[in-house]
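Heads up, the next two complexes both have chain A, just with different partners, chain B and then chain C.
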Partner chain A sequence: MTTETYPTTSLSLAEQEQIARRAKFQYNLRRASIYALAIAIAIWILLPIWLVAVMAFSTPADVRGFPKQIVPVPLSTDTMEFFLNQDGILRAARNSVVVAITTLVLSTIIAVPAGYAIARYVFPGRDAIRLGILSVRAFPIVVLAVPLAVTFIELDMYDKVYSLALMHTALTLPTTILVVASVFAGVPYELEEAARIFGCTPTQAFIRVVMPLALPGIAAAAILTFVLSWNEVFAAILLTISNRTLPAQILYTLDKSGDPFKFAGAFFMLLPAMIFIFFIRRYLFSMWGINK
Partner chain B sequence: MAQIVVQNAVKRFGKFTAIDDVSLTINDQEFMVLLGPSGCGKTTLLRAIAGLGMLDTGKVVIGSKDVTYLNPKDRNISMVFQNYAIFPHMTVFDNIAFGLKMRKSPKSVIYERVNEAAKLLHIENLLDRYPGQMSGGQRQRVAVARAIAYDTQVLLMDEPLSNLDALLRLEMRAELKALLTKLNVTTIYVTHDQIEALSMGDRIAVMRQGKILQCDTPTRVYDLPADHFVGSFIGNPPMNFLMGRVERDSNRIQVRIGEFQLNPPDEMQDILRVYDGKDIFVGIRAENMEPLAQPTPDSLQVRVDVVEPLGAHNLLTIHIGSDVLKVSTHPDFPAKMGGDLWIRFPIQKIRWMDADSGKALTPNLEKVMA
Partner chain C sequence: MRKLHWTPYLLLLPSMIYLTLFFAYPMVASLQLAFRKDVQYLKLREEPESDAAETGTLAMQTAVAVLDRMRLEETLPNGRTRPIYWFRVQAEDTEGTTVEGWVNQENIFIESRTQSDTARIVTGEAAKEWTFDFVKRMVNDFRFGKALRTTILLIVLIIPLQFILAIVMGLVLQSGIRFTNFFLYIYAIPLGVSDLASGILWYSIFTQRGFLNSWLVELGLRERPFIFIQSGHENWMILAIVLAEVWRATSIVMVIVVAGLQGIPKDYIEAGQVFGANLWQRIRFIILPRLMPSLQVALILRTILAFQVFAVVVAITGGDVMTVLANETYRWYDPARFNNSNVAAAYAGFIMLLSLGISFFYLRTVRAQEERESQQ
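After this line comes the complex of A and B, so read on.
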């Protein structure tokens, strides 16, 4: 046991130290660049949201002025009030909430059994069904626009809130089913088997063991469905005239309105997504295996 | 009484036959080990008995009830899973109580049973905890406690120790054995670890490619392997196999290994006569060969390739012809790498086997079984 260099290396002590120092520098550099990249991405996403929020809470005069502010001084709810008092906005917001909640409920009711079947069972036509679910997304809704409108008119379902909810359910189901399936796939099958050994029927095992473990993930999927419906604009424009949802209403009046209306509308549309992401963050993290 | 009978069980997965016409009887309160390499069908057989995977054909009887097509919950069985499978959203208490609650046992009974099981597994102080806050060894204990608290006559265990680290496994092995002798349950224990099988089982069923090759007590499986595979799978080191040529010398059958001649005992003479002029396997365990430092007329001279001191004994690697053998010696035995050594073969300890089928040649089945 000596403190000298190993006989196999021909490098001097100073040279070895230099190599070690260089390796450390490179390691630090790599870490620094990863952080820099992460910060850049965060700014890329957060900055527009922040600017929209600043505008929404500035006075209408400030919104029209130039240069724009970075912080809302003076803080004012005038712009938001102006937006909310516009004709039809509150009604549209109510429609949006009704459609989104109906979509959430229908979508979850269908997606839970469907997702469970896809996650757990190997049945004939399983891959075909999977593909079929995805293919709903493969058709651009523009292609379906005319036949859809015609069908809805013929069935006397045109311009109804519930008919838009049905449409949104069809649109969100692929995403919801696949998310729910991945949630169920994350619950070890052995747990279900254990439940069945210790006295459960398959249904009881599902209710007592699988559901409690899958619930957070299913809730996250449901909220995602809500946000998807809330943001959806094309089908909303297509299928409603008097019963417009919020994005349809905003889009409809966009070219006739000024900057304050646009910023306030943008902020209002952002709200549910931000609130819900804040609440489901924990579940999303656990789904992705990140520890806070 | 809970005797378990499996009759002509067959289970296929597509073209792969996982269980190939297996029949097995496990006596009441017996500890039966299903042992074999991965993919041999041992877990599939256990799952068929548990009701977690239906057989294609065949029958499973537990006690006096044909359970072949019953749900697991109607089979009156209990099970310990390889990955513990304890419920993460329940406390340890609720985990152990789960089966009893499903059975709608009275609260006082549940409380009593859970505490009793927890005490047996030394986890009384963990009852309020959630599994997420526990180590692997503790979760294992919860899984076993849950299984015994359910209080059934049959206990199934699917590689329960394989996820524990080596030291803990050793500790749990002894503890489990002690625990199970107290419980008077019929146990089926699946493992790929032959030492676990030898140390715990009343009987071992050695499986390979969906078939049971031998079902016998640990000592018999070890000393009298039914074929080449069982001999080489069980024991550490595995049984040594030499190629021997059967020859007739005057009226006696001899087995020649190189220049060296073995003289099979009288009861083997008739059986080996059939193999006159053919090769057979000569199987012998490392500890059954007698190493000698000096030559004797009945010993074979060999060269020592490797000496491995293992504490309690030394393991020597030697070769005879092209066959490599392991010989275990007393640690004081003077053997040097590259040195010479003489080996004497105690003829009664040799297991003779057909070179093609690998099956052990035995004079008379009754005699061996006796």
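After this line comes the complex of A and C, so read on.
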């Protein structure tokens, strides 16, 4: 290679330094504005949560007071206790947990084989099935809930916790299948192959090699299922009357309840979801079946 | 890859059965609820016997002329007998043709079995028939137009805002700043927040004694709290709902956008930078075109979900001063209110139709655009 000659600049050293300084200033300004934007968006997200948390931990008198305070002084659990002691709330919370866990178990058991099939096999109809699953994920809950409620009444399954869990499983199943499929797709096929070369049967290879690697991802999918069921309100309010879940119970009594009940209720519903999202944040991107 | 071709189908079978059971079946049931009604028709007989040949059918409440009557005896288990009358009647059926035939006394209302020469049909055989009654009832309800208008207005306002905010969030997260994971978690929190909780969060801000009024009064901008949520303040209620929905449902679009952004090679953007494209040009000509497939998925998903907006509206407005389609579905279904699952199913079907229509429209627009681009 010959030595390259760079065009020489006619600018003096001072001028060059000034340009460099200006460029650096502009760069810093841009970084600063990106940080400012990032923080502004974070505040936009966190502010409403903070406000309702303040309400949930203020005294009921402060909750009804005006103007409202934005720090919980004095700190009090009275509002939360008031909420939890309301008729039917603990029962509804228990129903919510039972429905969500049943949904989680059913949905995971059904979705794992399906997800594995989609991730690992090439077979005629695979794309059609994938597309079908994608489209039922976007299916309106409202459309399903009314006829299912009527059918459940006919079958004497109406107003039962397990019926709602069956419905929620239908709603979460497509999402769970897609997440599980992307989790399995992330486990290198070579490992499975190696296990089989060393004498594992396909089932053994699956249980002893694939499963341990896929387990965290499947757990994330299961948690997501839990959150979806915990939050769902339309089907819940249509399919139950005396066995309401927490969101259904809160929605149903909304117009008859005061602000302390509403704010404490909102905080109570929010809390588990926030914690769970923290645990599954790494898997958020595979969640929507677009990466893979 | 493998020889056992039936294995994947076997693995998929439980899911397919479950989804068919819970998606395909309710679809059919929903159509039946919305478009089939229970009716009764009385069959006229050629002879005064219940298994004689039919001569016509009459709808309930048809007024009939009694032409002839016949007294039969029925033997009761205790050996006694009682009279049973059959009547030869004549009337116009639903198509306007005059029919005549024999009917049993139990199917008609008649003042005197021996003397009256007119009667009315009161019972018959149960049947199902196609009907637009429930759809008509839905459309003629004065809240239908309001619900439809509000739902569409919300979609038109919410979706563009969501996409702009989601793309900004995505670009911020992809800009290589520190604490990206922390910001990502914060931005993803609303993913786990239900529409009901989100509605209550924003209710706490917009209610009469809420935070917004607190700040307005404390800053001296108003002397007394302003009532945002009441009949007549539609714009304020819409604003509160739009903010709540943008706050809650932008995260999912953000996740899709970030996943899409990760798929764009860094070289493309750097090349743009080298050739002097400014930020807007880089977004418009490099990032957005490559993001389109992800955005389409997000757009269809979000629009369909937006047609079902429900708990946010109820939490903020109570569901009476302002209503949306899903809320009407619930109101018609609710056993404590209209208790009419047929009209509720009509609403559900209508939402389904809108969702299908909008997906079809999006896909067609996208295809038309792609064709235009490939021709250039």
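Keep in mind that, in the parts below, the second predicted complex is superposed on the first by the 269 of 292 C-alpha atoms of A that agree within 3 Å, B and C clash if a C-alpha of one lies under 4 Å from a C-alpha of the other, contacts with A are read in each partner's own complex, and residues count from 1 in each chain.
Assume a contact is a pair of C-beta atoms (placed from the backbone, for glycine too) under 8 Å apart; a residue touches a chain by one contact, two chains touch by 3 or more.
None of the values given here were measured: they were computed from a predicted structure.
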Query - Combined model on chain A where chain B meets chain C, clash or fit - result: fit
Query raised in the report: Who does A:212 touch here: chain B (first), chain C (second), both, or neither?
Result: first
Report task. Counting touched residues of chain A, say whether chain B or chain C comes out ahead. Result -> C
Query raised in the report: Considering only C-alpha centres, what angle arises at chain A between the directions to chain B and chain C, nearest 10 degrees?
Result: 110
Report task. Pick one for A:191: touches chain B only (first), chain C only (second), both, or neither. Result -> first
Query raised in the report: Of the partners chain B and chain C, which touch A:201 in the superposed model: first, second, both, neither?
Result: first
Requested in this report: Give one of first, second, both or neither to describe whether A:281 is in contact with chain B, with chain C, with both, or with none.
Outcome: second
Query - Partner chain(s) touched by A:234 [first = chain B, second = chain C, both, neither] - result: second
Query - Nearest Cα pair across chain B and chain C, whole Å - result: 6
Query raised in the report: Do any residues of chain A touch both chain B and chain C, and if so, which are they?
Result: none
Requested in this report: Provide the residue numbers of chain B that touch chain A in the complex, in ascending order.
Outcome: 50-52, 71-73, 77-79, 81-83, 85-89, 98-99, 102-103, 146, 150
**Report entry** Touching residues on chain A, where the partner in the complex is chain C
**Finding:** 31, 34-35, 37-38, 41-42, 44-46, 48-49, 51-52, 55, 64-68, 70, 110-111, 113-114, 116-118, 120-123, 126, 129, 132-133, 136-151, 166-167, 169-170, 173-174, 177, 227, 230-234, 237-238, 241, 247, 250-251, 254-255, 259, 262-263, 265-266, 269-270, 273-274, 276-278, 281, 284-285, 287-288, 290-291
Query raised in the report: What residues of chain A sit close enough to touch chain B in their complex?
Result: 188, 190-191, 193-201, 204, 209, 212-213
Query raised in the report: How about chain C: which of its residues touch chain A in the complex?
Result: 1-2, 5, 7-12, 14-16, 18-19, 21-23, 25-27, 29-30, 32-33, 165, 168-169, 172-173, 175, 177, 181, 183-198, 200-205, 207, 209-211, 213-215, 217-218, 225, 247, 252, 255-256, 258-260, 262-263, 294, 297, 300-301, 304-305, 307-308, 310-311, 314-315, 318-319, 325-326, 329-330, 333, 335, 341, 344-345, 347-349, 351-352, 355, 359
